[in-house]
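Multiple structures are listed underneath, in structure tokens.
Here come two complexes built around subunit A, the first alongside subunit B, the second alongside subunit C.
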Partner chain A sequence: MTALNGILKDRVLLIFLTSLVLTVFVPDLFGSYWAIVALNLMMWVSLTQSWTLFSGMTGYISLGHVVFYGIGAYVVASTFKVLPLWVSIPLGGVVAGVLALLVAIPVLRVRGPYFVILTFGLAELVKYIVLNVETSIGKSSRLLFGAPTIETLLYIMIGLAVIATLMTKLVSQSRFGRGLSAIRDDEITAETVGVPVVKYKITAFTLSAVIPGMVGGVIALKSTYFEVLQVFNPVISFTVVTMAIIGGSGDVRGPFMGAAFLLLLSELFWATIPQIYMILVGLFLIVFVVFAPNGIAAILWPARSRDSQ
Partner chain B sequence: MNLLEVENIGKNFGGVRALDEVSLMVDKAETLGLMGANGAGKTTLFSVIAGHLKPSNGIIRLKGKTITGYRPDKVCRLGIARTFQIVRPFIGMSVRENVEVAILFGNSGYDSASSLGDRAMDILDDVGLQGLSETSAGKLTLSARKCLEVARALATGPEILLLDEVMAGLTPREVDDMIEIIQRIKLQRRLTIVIVEHVVKALNQLSERVVVLHHGKIIATGSPPEIAQNIDVREAYFGVSDT
Partner chain C sequence: MKKIVSLFTLLVSAFGVFAAQAADPVRIGYSIANTGLFAQAAPSQVTAYELWAKQVNDAGGLDVAGERRPVELVWYDDESDPAKSAQIYEKLISDDNVDLLLAPWGTPHHLNVAGVVERHGFPMIGNTAASVAVREVQPGNIWFPTSAIPDRIGVELAAMAAKAGVTSVAIIANVLPFSQENLQFLVPALESVGIEVALNESYPPDISDMTGLLTQIKAANVDGVIALSYPADSFLYMGQSQEIGIDAPFQFLLVGPTISAFSQAFGELADGVVTLGHWSPHQANWSRAKPFFDAYVEAYDMKPDYLDTALAYMSCEILQQAVAKAGLDHDKLRSAISSSTFDTINGDVKFDGVENSITPTAFLQLQGGDMHLVWPENIATAAYKAR
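And then the complex of A and B:
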């Protein structure tokens, strides 16, 4: 309850959440093109916030978060017209959470670069398993006719972005979050002072998979088309990590800044000169890692990012 | 009943026998000194007791209950706290936050009767770090880091404190301060302490009983003066017995 009180008193957070919610007016005010841009922004905010919950707080960099997004999309696509969407989208989140729980136990035994490579490899493994299953039943791709409108999907996605932000915030302010920060600083010391490191890592990893599972389902509906290589595309994982680094993960607004920054770049360059876009993303990534490792949020709001870590 | 019992503990690292049938008992409120040359197995023994290493054989009991092979966080919550010879602060946190984590997760349990910050400050007071509470732990001097190791271990609310060379690298003046701190916290909290130390003066002043390890085996047990006279110990340390 004290955590909830803290949230109600947190003006920065409330203003931030309100501005997320205000994007519901984008379709009416600016038309359907910008509705899709808003939907994309909310998608990246949700994914990056969720990634931050685990990787930002524990320092275990997951390069395979797309697997949860992909599996959620797969659940929604394969149960399309069988289950109602209010069941299948949350089910995608649950399946992603269960998958995370199952892989957490072997995967979280390793640290540092080994963990990064392992999460990446695991996501690729699941991708090819799903691809083979789909091919063997003769469904190399699925068309999703009769999906909800972009507006409806935008509203759902805004909801997911708000929940992801709240989850990350609540965790970071809780005893659980303190334990995760201790793990990031020094895992051996953390366990020496009583932090149940195994349980905490598994719990955080599982929590960080649920929202991406639901996001994947919504995005499959948006494209009205499901294709394995597309929803399990590792570039999605890379983009999430890039957004978290550029935006900063010490402040709730960081993931939003990162997502908005990269989307702005892509709006400006992707359609006209895509080669320049990728070069710029690479350059910005290097610049931020070297000169501003705590991201845009730490530049804009220095004090806050330090004590809200 | 003995508070802590170590029974026939052995630990192999490949072909090296780091601990060989080590048995010892620690009574409630006792201070036991552990000495031995580098590589004698002192830190290994601490790691086995605290759960960082699994013993190859043997049993560890706390108040009669077997705790062999428990994970470190569980051992900590049962009331055994250790410090590290090579200090390991949470460098991303302030001194106070380091202690707060230990209060939140340790054996004592945080009941929110008094504010977390106040409790952390009380403990920092006890080790003389109150003035540095908001300093980033990564910026501390060695002696302050050693004090922080002790403070953080204390904050977990232990019954048994395993101190691993908390005086190594300190100046004589700082050693005196540390001895005083340890004596004070021991009295205040009725702590049982096992202390590994190369500073002989500290070991003599603090411990009621000393155990000497050599190549993973216990070669002598006794009061500090008895140990000073022990032939085997002299041989182990100086290579010759001056009979």
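And then the complex of A and C:
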């Protein structure tokens, strides 16, 4: 209840949530291309928020977030026209959560650069397992014709973005979230003062996997095509981390700002000078890491970001 | 009198060209893998599009159901990302409002875009896509002129290898979908004709060193090597297989040797390599084949890619003939593409559902720096020669 009051009192957050919800009007106002741009924005907001829930709060930088997205896409693609979508999309989230829970115990034993490399390796491992399974059953790709319209998928994605934002906010304001922050600041001290470190890390890791699992399923439906290398593409993980760094991962507004900033940059430049776009992303990444490590959110709302940290 | 008639004809032609230039252009959109993993392959397709557009404009414009209009190409770089390609086609259709579409490069890109064209009911002739999955696509918005469908390739390649006297093969395959689909159908087909598969290994799409795999092939001591490769790894195979000393008489590379840079890079070393392709300028029965070849060489000072450039140009020819008949109306175009027989550089093409029902699955061989159709016999332009 206290956490809910915190959300209701946070005007900036309410403005963000309202703007997320207002994207439902994009298809009618701007047409189907911009509906897809809005869908992509919501996708990145959802993924970056869920990454922040674990990596932003604990300081454990995961480069394997795409594994949960990919596994959710795989669940939806492999059950397409077998299970109704209202079952298969949440099932994608559940399977991603279960996968996170299973791998959390060995993965979370390591820290720092070892954790970064291990999460990346885990995502690659799962990718090639799924690829081999698909190849062995003669399915190198799957077509998903008859998926819902872009408008319907946009509404689902907006819902996921709102849930991911609220989830991250609620966790950050809770005792659990403060425990995660304590782990980020000094894990040994946190454990010494009684923070249930292992339990908190596993819970946060599992929670952070559920939304990407559902997002992957929705994106597979948007593409109407499933191919393993595409949905387990490590660039998705890199993009999420980039968005979190540029937007800021110490605050729930950060992922939104990071996703919106990079998407805006992309829309401005990809059509005309795509090579410049990638150079700009690299430059911004360096600038933010060196001069503004807490991201855009910390520049726009310094006091709030500090408080939330 | 003769001079007056000639002058009159010239004036009418000039007026025709002027009128075409004055008319609104027909805007034709596509995405291309200008950067990224497939950047090496994409120029084969773009050069065909650009040559076709130039030829059409030089001839007075595109015949749109009787009216001549100039062609304007609108394209974006999809960075070799199939999802990006789908987004680009969404933009081309709903934001740029193009009149017609040409296809992106590669099977995953086509199948990503298939959902977009289906959603908008916008007809598009595909070209460089080949998968058994294309048969799952609802006929009506996308068609595939290729005859290089993996289930047929498997059967035909096994038959050709058997006829060439191959008794055992080593297979290496890229993990990308087209290679894996071919692998799936090829292995049982080889076994059914009594060819032993002594080695069967897959490798990642961004492989930069094949020596480990090639050493295994060398040790297997087979008389046939089948590399189900993409362009970049075909180049890698050809270079490194020379260093390792692989001398199997039958060597097949899936995609890549048809690019002119391949024979330029390896010269005589690549002689005898067999590859996928169903077009050759040497096939005299296809009257448009040689003029296209000559025009291409004149325009770019190199030979066309016998697979991708030929397919891309064919897709333009099909679109051109359909537009001449039906105009730009999507329903009429759809009907014309589905029901007509088209005269292309690869002979007649007619669609049964989404597939080309006339062109046979075929293979090319590099012979003396040139490419010849060697399989099947009814369209062969030269006999197969062991390496």
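As a convention for this text, the second predicted complex is superposed on the first by the 309 of 309 C-alpha atoms of A that agree within 3 Å, B and C clash if a C-alpha of one lies under 4 Å from a C-alpha of the other, contacts with A are read in each partner's own complex, and residues count from 1 in each chain.
Everything that follows uses one rule, which is that contacts are C-beta pairs under 8 Å (C-beta built on N, C-alpha and C of every residue); 3 or more make two chains touch, one makes a residue touch a chain.
The structure displayed is predicted, hence computed values, not measured ones.
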Most subunit A residues touched (candidates subunit B, subunit C): C
Touched partner set for A:Ser181, first subunit B, second subunit C, both or neither: first
Which of subunit B and subunit C A:Val193 touches, first, second, both or neither: first
Which of subunit B and subunit C A:Ala292 touches, first, second, both or neither: neither
Partner chain(s) touched by A:Ile61 [first = subunit B, second = subunit C, both, neither]: neither
Common ground on subunit A, meaning residues reached by subunit C in one complex and by subunit B in the other: none
Footprint of subunit C on subunit A - complex, ascending: 31-34, 36, 40, 128, 131, 135, 138, 140-145, 147, 149-150, 223-225, 227, 229-230, 270-271, 274-275
Residue ranges of subunit A in contact with subunit B within the complex: 175, 178-179, 181-182, 184-186, 188-198, 309
Subunit A-facing residues of subunit B, complex: 50, 52, 71-74, 76-77, 81-82, 84, 88-93, 100-102, 104-107, 110, 152-153, 155-156
Touching residues (chain side subunit C, partner subunit A) in the complex: 34-35, 76-77, 79, 82-84, 86-87, 90-91, 93-95, 107-108, 111-112, 114-115, 118-120, 131, 133, 136-138, 175-178, 180-181, 183-184, 202, 205
